[in-house]
Amino acid sequence: MALRVGVLGASGYGGAGLIERLRRHPEVELVALGSRQYLGKPIDASWPHLAGLLDLRFVDTDDVLAASEVVFCATPHAATAPIVDQARSAGLQVIDLSADFRLDLADYRTWYGEHPCPERLAEAIYGLPELHRAELAGAAIVASPGCNATAVTLALAPLAAAGLLGAHPVATIVTGVSGAGRATDLGFHYPELDENARAYKVAGTHRHTGEVEANLGRVAQHGKAARTHGERSPVSLAFNPVLVPMARGILATTVAHPGTDELSDAALLELYRDFYAGDRLVHVQDDLVQTKAVAGSDRAHVTVRWDARSGAVVAFAAIDNLGKGAAGQAVQGFNVARGFDETLGLRLEGQWP
Amino acid sequence: MALRVGVLGASGYGGAGLIERLRRHPEVELVALGSRQYLGKPIDASWPHLAGLLDLRFVDTDDVLAASEVVFCATPHAATAPIVDQARSAGLQVIDLSADFRLDLADYRTWYGEHPCPERLAEAIYGLPELHRAELAGAAIVASPGCNATAVTLALAPLAAAGLLGAHPVATIVTGVSGAGRATDLGFHYPELDENARAYKVAGTHRHTGEVEANLGRVAQHGKAARTHGERSPVSLAFNPVLVPMARGILATTVAHPGTDELSDAALLELYRDFYAGDRLVHVQDDLVQTKAVAGSDRAHVTVRWDARSGAVVAFAAIDNLGKGAAGQAVQGFNVARGFDETLGLRLEGQWP
Amino acid sequence: MALRVGVLGASGYGGAGLIERLRRHPEVELVALGSRQYLGKPIDASWPHLAGLLDLRFVDTDDVLAASEVVFCATPHAATAPIVDQARSAGLQVIDLSADFRLDLADYRTWYGEHPCPERLAEAIYGLPELHRAELAGAAIVASPGCNATAVTLALAPLAAAGLLGAHPVATIVTGVSGAGRATDLGFHYPELDENARAYKVAGTHRHTGEVEANLGRVAQHGKAARTHGERSPVSLAFNPVLVPMARGILATTVAHPGTDELSDAALLELYRDFYAGDRLVHVQDDLVQTKAVAGSDRAHVTVRWDARSGAVVAFAAIDNLGKGAAGQAVQGFNVARGFDETLGLRLEGQWP
Amino acid sequence: MALRVGVLGASGYGGAGLIERLRRHPEVELVALGSRQYLGKPIDASWPHLAGLLDLRFVDTDDVLAASEVVFCATPHAATAPIVDQARSAGLQVIDLSADFRLDLADYRTWYGEHPCPERLAEAIYGLPELHRAELAGAAIVASPGCNATAVTLALAPLAAAGLLGAHPVATIVTGVSGAGRATDLGFHYPELDENARAYKVAGTHRHTGEVEANLGRVAQHGKAARTHGERSPVSLAFNPVLVPMARGILATTVAHPGTDELSDAALLELYRDFYAGDRLVHVQDDLVQTKAVAGSDRAHVTVRWDARSGAVVAFAAIDNLGKGAAGQAVQGFNVARGFDETLGLRLEGQWP
């Protein structure tokens, strides 16, 4: 019998991605969609691409929780933790796409402020299955990673595990606009952003910096089967994001100076392929990666190069910020936590062009 | 047991769409992909989004035909007809995305020149299931419609059936660039087309004009269950396409002056809903349509308005030119011809944004 | 000595275009920029492209009027008319980019409601110099045309003058997003509009419909040197705009069925060239027009074709909605009204790509 | 009396930018435009935005050289050097936009191979006026910088001069597509690049890497008034470019770890303002930079931040690759070499949006 699943924040972009995937998930019945903004309205009012396909109306949080065995939260950080607490008290499993349960308490305080519900932190497992697959089995709360953090972590994790990060790893990402959400703002007004590339939240101010540092620190210290929370990360990352004119997609360009010159493209590619062996949603490839190749897909494409001149390893990851960077990864985490096939409801292939 | 299916022209955009859909079609085994340009190369060489997913190499036409029970032809007009003849002689069912079997002989000569294989025309059924569902059952050759022709026909067919086309229907479409195919040309070079809208093949020179006129003529004379070929169309259409900077999508804006003033939005919407009742891939809606709502989907969105001031009916259709306009419709036609559920392998919902 | 010129609505897109042009106008000193939203802030706060170039701060309307001999109003309709009245009472010449003085009283009521200041209508001349150059000399109020109205009027005016409009002219435009202004809205949020084409204000609901009908009616009845206001237009236009993903640009595709078949491309092009002889900002060309060719320019590109099959004349115009469609045309109107060279401050050539 | 100026490579994007600027240059008469591809054709055949504005036809190289006192070469590297030699032998001043005279002989061999005309290297001055203004006076050959090299150099030069580059500077740029030129290629076909970000020529393989290293090395060793050629650069740069879907614009994101923690945003901004004091085409600003703010302009926008967490200086530069990155800078170099006002023919302000 299908699991009764609800989605909160169902009128945001993360919510749309969840609806798209959960509708086609064979083990799931999508029973309730929550939205404050579209409360009481039909799904079509928010989502033109679903016109006529879903016979549901948006309801409030209580109605979603009452109807569901599992709830996906695509709601803002800080506002989400109390809802997770409520859902857990009612016995629901939670797949949380917000930032509220991704970091341990100290890191959360550093990047987000006081935690609204620290007592639930112990129930949460960080939902990057490539690093935490075993721990995710049966997780009560899956803390699904941030989109930028996913891209940068996947690019650099094999280096961290191999001790090749060097002292000063640098990550620069380009990102499509949907990562900023659906709330209007002059900065996201079409004519302002079209034909425009602009940096934002630079120089260590983007909160995903801490998330990546925690991820890479765990891998550096404990390898792939790392415990989720705990020690201070020894990794310090110079992270700078650049907004570019496309709806979706993240391309991470990462540079590490490992302090050795005994590397090569071939050796690095083998290192990456070994690291991601068995990970069906991470494709390590010889060719340079591009965001269009993963748009609409739930895979990450990863590659790596050796820059002998400057002694740098350059690693790249491309994801769809709404796929492997959000809804796809959340459903993957749910699948792993439930023991389902890891790709149920997901798309591996995207579309071209 | 799954049908063995091959695709010709598999390194073009139509081919990509077919691979995407046929891979997930439960009654199909995708056995052979043909490409002259990528002959012998792995699929990844042409399609970055399929990297690592298909253990096939591109082969030549003979190999595709030898391996298949059904062949989809996403190859250029004129070059396709002889292949169709060869495939039919070998007993294969053909789903033809080219223009070669869409028109009757007289119309083909008018728009394309001498027909390379007129003796097979009688085996072909025009593959717009919304108009020809019954005739398509068991068709040996499904002549899948052109993308622009699909959009304009779906917008105007209910008016044609109701005798509301007037003497001078006008159709202006905006279309994304993938409709022009994958061959490079200065006119499709990114910097030349970005931030650019330009008309092309205007004033009755676009070949889909004849296809639409034939479609609307049949509906005007015989209604929805029309014979595919035969009489001269009484419809004359002013058709003008405009290329706009997007990868995919067609929006048809059509205007008819029916010579009556006893119309209304509500009456027209009812007319359209009645006409498309039971058609799961055509969604008639109150809201104005938009191409993003059907991008990556195989549905058409249609709506209609009454312009009382100028005595005009204005009807709109939005499709993905690679979905309902090409690969999606071809697979739909295949499903209907085979008696499968009409939406097997297809996507109704697309994605947003 | 340079004229002291001020701009109201200087933090909107029309305002930016005026600042760009008036800064380089040799007969003008730009003395005051008005903005309610950015009141008291430096120009850089609104306009990143002018950073460090203008040593001014945004001031209020009274300050602009007090400092100026001529004021350009790039402010919303209805709100503008009282300001125009105030400016005229103070003896200023007004170049009004709003809709408030474009239509005669009856038409204004039909399309906009009660006129806020009907007593100033008699002082206004419609600022399309190609049709009203002589009347504009010395005009106290130049009522600068709407962007869509400019494109459609320029495409169809030669046909109107020649009696070739037929009973049912049809105009479909594609337009970039800046025409909708700078106010944020979900419909103009980057991810919603990127890769999207959508119709809006269709079926006779767009207010520029009335403006075009008035223009064409005057030309049809009186030719190029038409009086600005007065008689009811005999022209009824089916006008439908489509929003497409580009920042700027309008391409008008217009269709007329003149009821004659004695036309040709060559004859029509000659008709157009004769009509626009001497108009330096309208370029009639053999090639099909495209918006990129006029982006950043203040010219219109126009061409025309004969569709013998359907008996239709198809005429096209491309403009930059912020150039010939707004700020460029306003400065052109100002130049004509002042007796300056018509192109002072303007750009004829744009840039490519 | 105006200088007679010719342009080679006038049907490429660099050529278009030169024509646009030289047409409005008050000291210049544009006498001859060279193009092999459009030889004998009118200018309109290549440049729709100039339709009807230039009464010239494309001619061959000899005709351009014969007609000109100064020639701008917007032709490919390696092919250009012999033309420069020919022009110099005829006594012309050359503004060379190719790479042929940017590097000293050793560096040229490293990055480009054998130099086609080493004997002219001594006549060339590197045309970045912000670093070499004094040396450019009277230069016989102005070697105009590469677009990427310009952006990265402007971002990092103040750090180099102050000894703050650290051992491992990292530069990641995002660039619009026009930087790749006008030759068609599947990689630049609109549907392949739209909604796509992809890295290219990574890991030290992009030739502009050597150009930046040479620039920064000179500044590090000799400050702003550096000799153009000579010593080996001590700087090693990890440079990686990312292509993003826009026609024009480069945003450089550069990271240096200077090994000190006594820095701040304010101190760095002061350092940058001091370094670029008097440079009218480099605007140092507090706000983060964006490419749209310089599109169509010939200025660079630069800013800098201190990332205290990771001990990194993060510096940004935005340019129009066809403005300050190509034609604008070439005309600036010409102005400086000729002793004209540095901004003649240039645009400081661009346009918005």
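As written, the chains take the letters A, B, C and D, and residue 1 is the first residue of each chain.
Throughout what follows, a residue touches a chain if its C-beta (ideal position, glycine included) is under 8 Å from a C-beta of that chain, and two chains touch if they have at least 3 such contacts.
This structure is a prediction, so every number in the text was calculated from the model and none was measured.
Shared contact partners of chain A and chain B, listed by label, are C, D. Each of B-D and C-D has its own count of C-beta contacts, and the greater count is at C-D.
In terms of their C-alpha centroids, the spacing between chain B and chain C amounts to 38 Å. Computed from the mean C-alpha positions, the centre of chain B lies at a distance of 47 Å from the centre of chain D.
Note on chain placement: the centre of chain C and the centre of chain D lie 37 Å apart, centres being C-alpha means. In chain B, the residues touching two or more other chains are 13, 176, 178, 191-195, 245-248, 290, 292, 295, 353.
For chain B in complex with chain D, the residues that touch the partner chain are 13, 176-178, 182, 184-186, 188-195, 245-248.
The residues of chain C lying in touch with chain B in their complex are 168, 170, 172, 174, 176, 191-200, 202-204, 209, 236-238, 240, 242, 244-249, 251, 253, 255, 257, 288-292, 295, 305-312, 314, 316, 318, 353.
In the complex of the two chains, the chain C residues touching chain D come out as 13, 16-17, 20, 23, 44, 47-53, 178, 194-195, 247-248, 283, 285, 287, 290, 292-297, 301, 322, 348-353.
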